[in-house]
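What follows is a single structure, and I will ask about it in a moment.
When the chains are written out, they are named A, B, C, D and E in that same order, and each has its own residue count from 1.
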């Protein structure tokens, strides 16, 4: 009986490898991803709610949330615009050096964040190549939130470009053409017709860039001033708590960052699911 | 064909802005790395490069990459096969789970591993009792690197395999092919570009990870320093030139990565137009 | 090899491949979001027959074919190939050849390698020598008239050529049964006709049992020994093309197999009235009735006949081919009628757009009785 | 022959060059005494980070830290003997230092003492007391000065400390970071760091660009050393570890240390280098703050004095 | 609004949209990798005409239409709309409506917003009030019978409905000229026929000038006032559907407009011989000749007639519709012939697969003379 049931089960899948790939995937996911995260939960469980609340609402920490969120938001917004521009230029126009520019877009992924941080700090310090030019204008980048945002922006450049680019590439010429035959000017056609097509990709890319920026440490730490209430980022606060042997505290702060990031990713996924459903037949 | 934004003035303006920003944001830092590294001349550069600690860091970094990449390659392929070829409850969840490393700050990633495998961690006590050293040794570095880089291969493969569908595999089954034959002769050739790209990304990230590794590495010179850590330490030692020398190695690696990727894309594009 | 299905049925769960491309408008939807793709189906296919599965989109043709192939598992019922029960046999061991709608050729392999795949994938102990494989593949390529294309890649072939490769590939392992899912669906009309012709020759030559899916009536009728008409996961009729056209089992089959004109009206004393139109319908009981007729069952004249008074006006004329297609409208008609008449009649009546004429049905069909009825001839003198 | 025994010395981050110089000498010394070739590995980082790593399993045999608390943490965890401070002379501190100021050439802001650092026109750079021992000493030194100057008037001390902390331009996570900020980025008028460090910087970046100011009152910074018994035992390195620390007290080592601008207790060596180290009043943490544990609790713990001062 | 093209031509460079989807196997390839899409073309379209552009794939139909629209720039020549020269006027300002093959609806906008787009995109000074827009859009939706679908999104509509929205959208700005690129190409046969009918009504009602592209002969013949037949970037014939079918200008047009059977043989003394087949061809000079005939120009009989001895055997029978389609083969035939005969003849001759019969051409066409010639009637008795 059982043997028969088993053989029946096995035949259900026509393609081979279900059991094996399920086994490998689940094992890996549990061991590498989930198990370590449970240790975080374990640390948190040592705290009472009021302790937890007290820890995560420390005014200095609150200030660091603000700085981090703000800088990440600025970085993500910058990348939304810059990424859109780059995607547009790379897809729609031909110009010398295009392939090089295209390849350069991936640089921040390939370059270690620490290297990026050190380099940016060097470039934008008041005696660096760029900082020197900015100083007379009264703009200082290093050790201000601008620097933080800059480092975050740098490390998350590829997200927007690489999500928008393929969508723009696949955008049929008819979309442009339909808008033009209906008398729309370039600006209007872009705003009302093309942009909505790119919207899901743009939001996804920007969201990823934002999440990445929230967690960024290596690149930011060199250029952030680390001044309490001003240029302290949340990752640094986690780092500080670790220095103080305060694992529970570090875990608490980490849990906030993690929850924010996951919630954001989830929200984007859900939103996109609904959006896409509408575009591809919303009845079902 | 006439398309939106074709007017020469618009085109020139946009290209101009794009190129300027790219130069400032991406090209200049790259140039700066090499400029700083070669500041004191090629001899010093060479000398810095052949420093025993730097060489050890290169070795360790390579070791990490050599272990991480295959592990994630295998996992990525299995996972992609699983979620694109079968329908089962929890498929969506699994797909979301592999994105976790993207949402986790590298410092936190290091922290959770430390909490798990450290001497006071859940498994740490047992490991310590059996004299197995994971944290502050290369296995720990490999573990966190695997964690941080595990989504790359799968994320490259899944959309592609989804788009390709399983028709060719089904055709192969009707022709009597076994599982391994199907994978090797039908699936693999179709995904090899994406696979290679995933590997390249994994490798780049594995070689360059700093935040997570710095938490679990213990910073023992010549033993648990990877190249990015070495960069940081040299920098802290006032050895700017040395730091940028190591950085330039990493940048060089990054450039090679980009070149490899561009070459792949170019070849793929050429194949497409050839047919 | 004969094929016998008994009581095969299939219901799809909520999830699955359904999400993409397959509208959820399909029939057979159950309340719980599950789709009844096949009602229990019995089917007997004789050795060497060429059977067409015909039906509208979503009627379950592909599902049935894939179940026969073993690519899908039925929820219940049994399948026999000859005397062997294969219900739980894996695709790999069913000895079938499957031809996919979009060819599903291996993109990165040459035509030769595609055709050779089944042979080279055999376990080493049974595998023919590479010389034998070469001979066999070249034979097959010759058969599909592609011997000169052995080294090409699929992307370098036209759709029709690709489909031929796909066929050769499926035949390489000498299957007992050949299954084809809309084999010509993606090809354009000319190529389609050519391949159709060619498939029939091939089938006659090699004598395997074949089952193919199509939603093109003409294709089904032209190719098949017998046609299985499906709708909503049910078999509506299984018959030879000729029978199907002359004795449709029900209204669905009648409508599905060709253009149909509808005539609805109240019948009193064997005369149907509808607005100012009247027609004699001997033997039909009183009441509101709907009658159907095919375009070639309408004759046109410039005055009403004794048995029919159906005034119409011409709204379109297409003088293509042996016959002229005429579109007719009238106050008493819900939808326009389509009539096909001979060029001779066309010229005799000097038909132009806007011309007023009288229609005379030569036959009328009813499907509201348990058995379909044909009222004929109603022709006048 | 077997692999040579390896000793791992876990130390604070700015001691890299120091121990890079000490280790070869020690290896020779050990060779001479025991006829055994050994090797010494270094691990450097923030001293708290180092202590944490050791607690989590970094198998260091000896620690050479810049803060007593960090060793105490190890003692609390049972890795180091409770009485470690009594095992070696001078509270197990083979050398010591104090906090000093590095100012730009010509001392344009005329910085002489701690009160100058609280002026409106002065901006400071020193590492974050939360993450760095160096920073903690600076903080305590400033407090100690104010304690003396205002005669223990808590309100005035806090007032002073607030302005002092408010003048900080950048808080780096560690000493070297702060130095880079001050020297390479050109930020701030004063860098506050260990005296030993100050001299190193001058050597590294040019004697002429910076000047050292050692204030008349400052804090005594001890550099505690200890054997991590638990690991040394497991590594079979107990003798080696103890030998290593013993060696730091030898004349040869003390001279080496003084050469790196650390103050030493060996009288002969101290006399040799006397002109290099101006006389200053050095406050002891034990005296002013009631010991490190107490200082940590009142000043540096979450919600402690430092957090209060930085709150706004 | 009349449209006048003179000497419009177009050559595509090596690059461009050509890479994706558009095979490079098209005709008109020049040696240098450039494609001559249009030879210099002259075309006069009268006000209110409905013109079909018909031709095989790659013949330049789309290119021509896009040039008229202003979506593509011609290399030379001029375009006039009425008296206004628009050759260099931007699409935006040509006052054309364009309907795309795949509808090209804005998928993120509701049906209402799609139709309203052109109106809301007007500069503020000319833009109607939102109330006016609403009225106008609802009028249009009513016209295309979609008033109940205003709030739906394109993905929630069937293909036919989407195409109707696309039409309403194009008509919203009251264009002078309506251009349609294979408007029904992506729809299935039933819907296609319905929309075709509906477009004709619309055109008659609104009286704009329309130009539509199709590669479906039936569609072109049924819909158009005049048809432009193109091949290889050239116009082969411009004529009404009837003329086109009865007096094709050349062999290409003849072949393109319907199924064609070929008969090739040597002529001696007005008799064509080909293997054991013979047929009388009065008035044709001696020599090797090729003659063509349509399927309905073949009669079948069970014995040879006095003027033709053409033995054939039946290889397929499709008894669908008013006529029966028969496929014929013979030794003397290169490709099989297709004949369409009446059901009456079909039954009289008791035709089955394999049956041997004699074919009798009722007409034969030649295109090797400067003007096409028809040899008729050759019918016997």
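The working rule: a residue touches a chain if its C-beta (ideal position, glycine included) is under 8 Å from a C-beta of that chain, and two chains touch if they have at least 3 such contacts.
Chain identities (UniProt): A = Sulfate transport system permease protein CysT; B = Sulfate transport system permease protein CysW; C, E = Sulfate ABC transporter ATP-binding protein.
Please read all numbers here as calculations on a predicted model, not as lab measurements.
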{"item": "Co-neighbours of chain C and chain B - touch as defined", "value": "A, E"}
{"item": "Reference chain C; chain at largest CA-centroid distance", "value": "D"}
{"item": "Distance-maximising chain from chain E - centres being C-alpha averages", "value": "D"}
{"item": "Leader among chain pairs (count of C-beta contacts)", "value": "A-B"}
{"item": "Separation of mean Cα positions, chain D and chain C [Å, integer]", "value": "89"}
{"item": "Chain centre separation in whole Å, for chain C relative to chain A (CA means)", "value": "52"}
{"item": "Inter-chain centre distance, chain A versus chain B - centres from mean C-alpha coordinates, in Å", "value": "16"}
{"item": "Separation of mean Cα positions, chain D and chain B [Å, integer]", "value": "38"}
{"item": "Residues of chain B whose C-beta touches two or more other chains", "value": "1-2, 121, 170, 173, 178, 235"}
{"item": "Set of chain C residues in contact with two or more other chains", "value": "71, 91"}
{"item": "Overlap residues in chain D, where contacts from two or more other chains coincide", "value": "55, 184"}
{"item": "Touch relationships between chains, expressed as pairs", "value": "A-B, A-C, A-D, A-E, B-C, B-D, B-E, C-E"}
{"item": "Interface residues, chain B side, partner chain C - complex", "value": "87, 167-168, 170-178, 181, 185-186, 189-190, 275"}
{"item": "Chain E to chain C touching residues, read off their complex", "value": "197, 200, 217-218, 221-222, 241-242, 245-246, 257-259, 294-296, 315-316, 318-323, 325, 327, 336, 340"}
{"item": "Contact set on chain E toward chain B in their complex", "value": "16-17, 19, 70-73, 90-91"}
{"item": "Chain A residues within the chain D interface of the complex", "value": "58-60, 121-122, 125-127, 142-143, 221, 225-229, 232, 236, 239-240, 242-246, 249"}
{"item": "In the complex with chain E, residue positions of chain B that touch it", "value": "1-2, 272-273"}
